[in-house]
Amino acid sequence: MLKIEHVAKRYGRGRQRKGVLEDINLSIGKGDLVGLVGESGSGKSTLARLIMRLETMDEGEISFSRSGNFYDSCQIVFQNATAALNPTWTVRASLLEPLRLMKGDREGYIKEMLSLVSLSDVHLDRLPSELSGGERQRVNLLRSILVKPELLICDEIVSSLDRLIQKEIVELLKRLNEEMGMAILFISHDLKVVNYLCDRVYVMKDGRIVEDSVKQDGTFVFSHPYAQRLFE
Amino acid sequence: MRKRQVVIIAVLLLLVVLAGCGQKKENSTDASKNQLIYASESEFDGLNPILEETNVDALLFRGLFRFNEDNEATTDIAQSYDMSDDKLTYTFKLRDDITFHDGKPLTAEDAIFTIESILDDNNASYLKSDFTEVDALKKIDDYQFELKLKRPFTPILDKLTVPILPKHAFIEEDMRTASFNSHPIGAGPYQFGEWNRGTNLTLKAFDQFYGLQPSIGQVIFKFIPDSNVRAIQLASGEVDIALLDPNQVAEMEKKDHLKIYDIDTADYRGMLFNMQNELWQDVRVRQAFSFAIDRAQVVKGILKGYGEEAYSPLQKHAFHNDSIENYSYDIEKAEKLLDAAGWLKAEDGFRYKDDQKLSFTITAPASDAVRVNMANYLAEGYKSIGAQVEVAALDWSAITIDDTDAFMIGWGSPYDADHHTYSLFHSSESSLTSSGYNYGSYANAKVDELLEQGRLSTDVEERKASYLVFQEALAEDPAFAFVAYVDAVYGIHGNIEGVKERTLGHHGSGFLWNVEEWKWNDR
Amino acid sequence: MTVKWIGKRMMLGILVLFILSFLSFFIMHASPGSSATAYYGGNAQMLSAAEKERISRTFALDRPLVVQYGAWLMETVQGNLGMSAKEGRPVSAILAERVTNTLLLVGVSLFFIVTGSILLGMEAGMKPNSLLDRGLSSFSIASSSIPAFWLGILFIYLFSLKLGLLPSSGMQSIGGNDDFFDKVRHLIMPAAVIVLTHVGVYARFLQDSVKMEMRSYYVKTARANGVEEREIRSGVLRNALIPYLNYLGMTIPSFFGGSVIVETLFSWAGLGQLMAKSVMVKDYPLLMGGIMLTGIIVVVSLFVIDVLMFILDPKLRKRELGV
Amino acid sequence: MKSNKIFIFWCALFGLIVLITVFANLFSTYPVNEMNMDKVYMAPGDGHILGTDHLGRDVFTRLLHGGKVTLTVAFGSVLLSLVIGVMYGSVSGYVGGWVDSAMMRLLEALISIPSLIFVLAFQAVMQGGMWGMTFIIGVTGWFTTARIVRSEFIRLKEADYVKMARMFGTPIWRIITGHLLRNSVTPLFVVTIFNLAGAVFIEVSLSFLGIGIPPSIPSWGNMLYNAQNDLLIGAWWIGLFPGLLIFFTVLSINFIGEMLKDSRL
């Protein structure tokens, strides 16, 4: 469904030009649960932004098999839920935003979907500042899946949450994947979560993908020393 | 830290000391100076007396004749004159001991040159209408000349008070652009000193003056357009004489060092109806607006009693006619006249005719507080007869009187009855077609005829009769809604002696008429 | 490198003047019938047809507004600002008489504002919770809320009318008292009004910057290391002056604007009074000249402030020069 | 706690001034232009609580009506400059790139020109009434507003929720109004408050010089136009009360602005 071939991205000019991503190859199929791990600064978020077409690449090609509006079938959830929600908008207004073009009972649809992320009607009229961190991230997540995308990119979405809520969110993603057949690219530096959630994983280091591995018998097997060290 | 506070205090102290020093200095130098500082209400564009009238003229220039204390023309540069029996030819003999400020003698040629220059259309002199009856001028010798009139014209002697210009200053020069206009040469008691544009003009006593040698060495005209600033500077001693607004008088009277002169004038204020505006075509409308002015209140509230109600341009003249329509305050009459003229009151309280609202704007010069106040008071009062009247207080230079609906006019002359009547009310003097002062393009055949009679007849009784009827005709078909005569109230330093009061012209002009007789009793 | 920096600043200044002239010209000439006679000066009736023709050709009066502006710009660059409609004299001559007066008033006021605000601001900032520290912000807000002309009226009433200490208006006494003290006495009230309505705001700004500096790490270390108080003071001042100058640069235009009112109130024969008068009498060439000259003064002052900041601020120097 | 009370005090004072001027007709004791030549220069006291002026008009009444004019001009012009400033700043901040640089250069130039000069240029040709004055002050007072809007936009444009909005296909006007402007309200409000004080100042100063609102319309500035004269002859009340009212109006606006600014930091 998503195919990334030989993608490179560089910043700066002239001599100071620095590669952030080099020769990235990655693919995600329908309904896949894919992890992308690496230390911070390894280029994961840049790659996410490239996929989402928020930035342009310098080399290579990213192809997405779905026609029609790209953002209807591919969505992202940002790490910082506070920054991702307009502080002056109520939850309802934020949730209505992606449904601008939807016909029919938008309100009803939202209410229906609320239960999916374990939120209730009472939250609709609250401002982001009146929600807990977990609630905020769930609203954020919900907003991205309202359009029922086929691919959802989650950029470090559980990193700043406490364990309990992390678990909730991860379970939620799993359920979404099962019930809606939504493919998920789960970007994280938290290996435990990736291990638990994903079926396939790419390991990034210094702007390159050093290894990828498919889960076998509940574990990943790596050959690259960095990946091995990482997953020990 | 201490040090800084010391610095601050030192700076403050220094300022106070500086202020103190200057203070002392000014007081000591001022008292020793034999000079007079006059707070001039406006600055002039130029000092050529046949192009522009200024209050400096009386000091710089003299004419063949001069108005005395009773505003009668008496000989001055002219030693004597003869009039032929047909009253058409005058022969003037000039004094032979007079020199201009530049030392050159004043001769008959200069007198002839002056009159010819006034009559020369290229010069566009505002005095032209005064001399239109002059037929020919002939030099007899250096100190004698002959003036021939087309028709008998008694006021000619009044007109010959006009300042004499030195012919030699205009050789190869255009009258309008001559350097004379910013550096004048006359034969008066004071000569030109220095002109700092925007601030002041200094005149120095002329030691070759043929008349009484002035006692005060310098007269300085300080240009202060704001009447408030004039009063403040008078109070603080920065100027020695200033014309006061009526409401300033009471406060100035409290100052020990000032003397207040409340001088009668022939200076009236009125609302000029611009006949270009269709509204005024109907005489009943003009009459109505004349009736709807509460003049008593104007005199009391705005003039503070320094003035009197006006109804005629010749009210202060020997030829005054008291039995004409005085237009004393009468709202009912005004309403009836407007009803009759077809201006009917609608529900909103305003009058309408053919769907047009009864409304106009009174323009007044912003620098003249009295006129602005009058305009405001009139406008407010006209509301009661259903007219919506706005007031536009503008700078003089932004006013074109012939473009206004109505203008707060100020005129009047203490001299011959012809002066300030012919050029104001005769139809040939319309400001649109001539250099006259008929700004409203007022035209009334009867008034024209009477003014001509008055000007051309030589018999005093006959003239008086003409002017009495003229006042009647003008009252029936008013060109102005006369409001009030305003006194000229001058505040003057108490140590100055020699001021002689006489009925003054408009804007109190002429107060300095005998300044060469003035002196400081302490300097 | 420095040359390049100065060049850049000057280009900006020229751009400012260009925009100013362009906008003012169009505002003033957009109204019908205002432009043609304005160029003839006060003697429109007396000019010969040929002369009118010549003037109207020089200033392209019969052409579209843009062409007129071009013509005006060409003449102005060559120093010909036209004739005053009211006085009938060249605008440049009138401006020349006035500009030194404005510079004197504004210069003296600015001097006292800057020294005063630095003294006050430093005092207040260095001594937290002192009376000055707590009082300054209230004083600053209060003093900047008084209309300058209102304070001026009160001053005239008090010092000229009641106490008779100072002359109420004008630039000097008439009649030969053309000495230094006389001028100073006339200068005191207008300058005091400008200073009093401005000094608080600037002092407060400096006070805030000084306080911020005082909280910074380097001051604490310096204190702990026993560096002399005087040295700390000068260091703090130096750093606090940078934002202060920046603020001064931002507000100096309105400062020049404000002098219009003070000059008019005190009949100070400067550019401001001239411009207010030309507005009243609709003397466009004169107003245009006054506007341009004021613009130049502002641009030059901004340039001076820029240079000062450049000298004081190593970071700016680094950034601008790219070293 | 204490500063909160002070804030409320200034708000209340300003609100009171606005209220009494808006409902001037209810409070005024005489018709606004009624002249009474029998009662010129009456000191405050019987019948005229703040005295009368040189034409026997009630100072208190004119103070209320004058305030209505002055504050209408101030509010109107601030609204106008807010609209212009927001539009200019939005375009500059949102579009970015060379459009932004060009617009910023222009704005920098405009800011370094005393706005009073533009006002004078306008006044020379217009010399209109109340609305003319509002227009003039409005079109010459938007520079700082535009600058604030631009810098806020540049800051907010990079916020995640704006990125999300773009991905959701939210139209630009909606992004600008709903996201960017909505979140710039506080700084905009502060700058507008200060602009309001400035607008009152400009109206009052120009009218005082006689080149503002036509003298026939009572405004605080116009009331002071004659005040110099009146002060000279001892009628201090004609100039004092409008002056005080201007002072307290501007003071309360300034305090409100300052406290809002501080609370934001």
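Lettered A, B, C and D in written order, each chain numbered from 1.
The criterion applied here is as follows: contacts are C-beta pairs under 8 Å (C-beta built on N, C-alpha and C of every residue); 3 or more make two chains touch, one makes a residue touch a chain.
Since we're looking at a predicted model, the values are computed, not measured.
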Q.
If I rank C-D and A-D by number of C-beta contact pairs, which comes first?
A. C-D
(Q) Centroid of subunit C to centroid of subunit D, CA atoms only: how many Å? (A) 23
Q: Would you mind pulling out the distance in Å between where the CA atoms of subunit A average out and where those of subunit D do?
A: 49
Q: Report the inter-chain centroid distance for subunit A and subunit C in whole angstrom, where each centroid is the mean of the CA atoms.
A: 57
Q) Could you state the distance in Å from the CA-based centre of subunit B to that of subunit D? A) 44
Q. Multi-chain contacts in subunit B: which residues touch at least two other chains?
A. 232, 235, 366
Q. Do you know which subunit D residues sit against two or more other chains?
A. 210, 228, 232
**Q.** For subunit A, residues contacting two or more additional chains
**A.** none
Q) Which two-chain combinations touch? A) A-D, B-C, B-D, C-D
(Q) Taking the touch rule as given, give the residues of subunit C at its contact with subunit B in the complex, in rising order. (A) 42-43, 45-46, 86-88, 97, 119, 122-123, 156, 160-161, 164-171, 173-177, 179, 181-182, 184-185, 188, 267, 269, 280-283
Q) For the complex, which residues does subunit C have touching subunit D? A) 12, 15-16, 19-20, 23-24, 27-28, 30-31, 34, 137, 141-142, 144-150, 153, 156-157, 161, 250, 253-258, 260-261, 264, 275-276, 278-280, 282, 284, 287, 291, 294-295, 298-299, 302
Q. Inside the complex, what are the residues of subunit D that reach subunit B?
A. 33-38, 40-41, 54-56, 210, 214-216, 226, 228-229, 232-234
Q: Within their complex, state which residues of subunit B touch subunit D.
A: 227-228, 231-232, 235, 245, 247-248, 250-251, 294, 297-298, 300-302, 366, 369, 372-373, 376-377, 379-381, 390-393
Q) Which positions of subunit B touch subunit C when the two form their complex? A) 1, 4, 7-8, 15, 18-19, 21-23, 25-26, 29-30, 33, 35, 37, 45, 124, 176-177, 197-200, 202, 218, 220, 222, 224, 226, 229, 232-233, 235-236, 238-239, 366, 394-395, 397-398
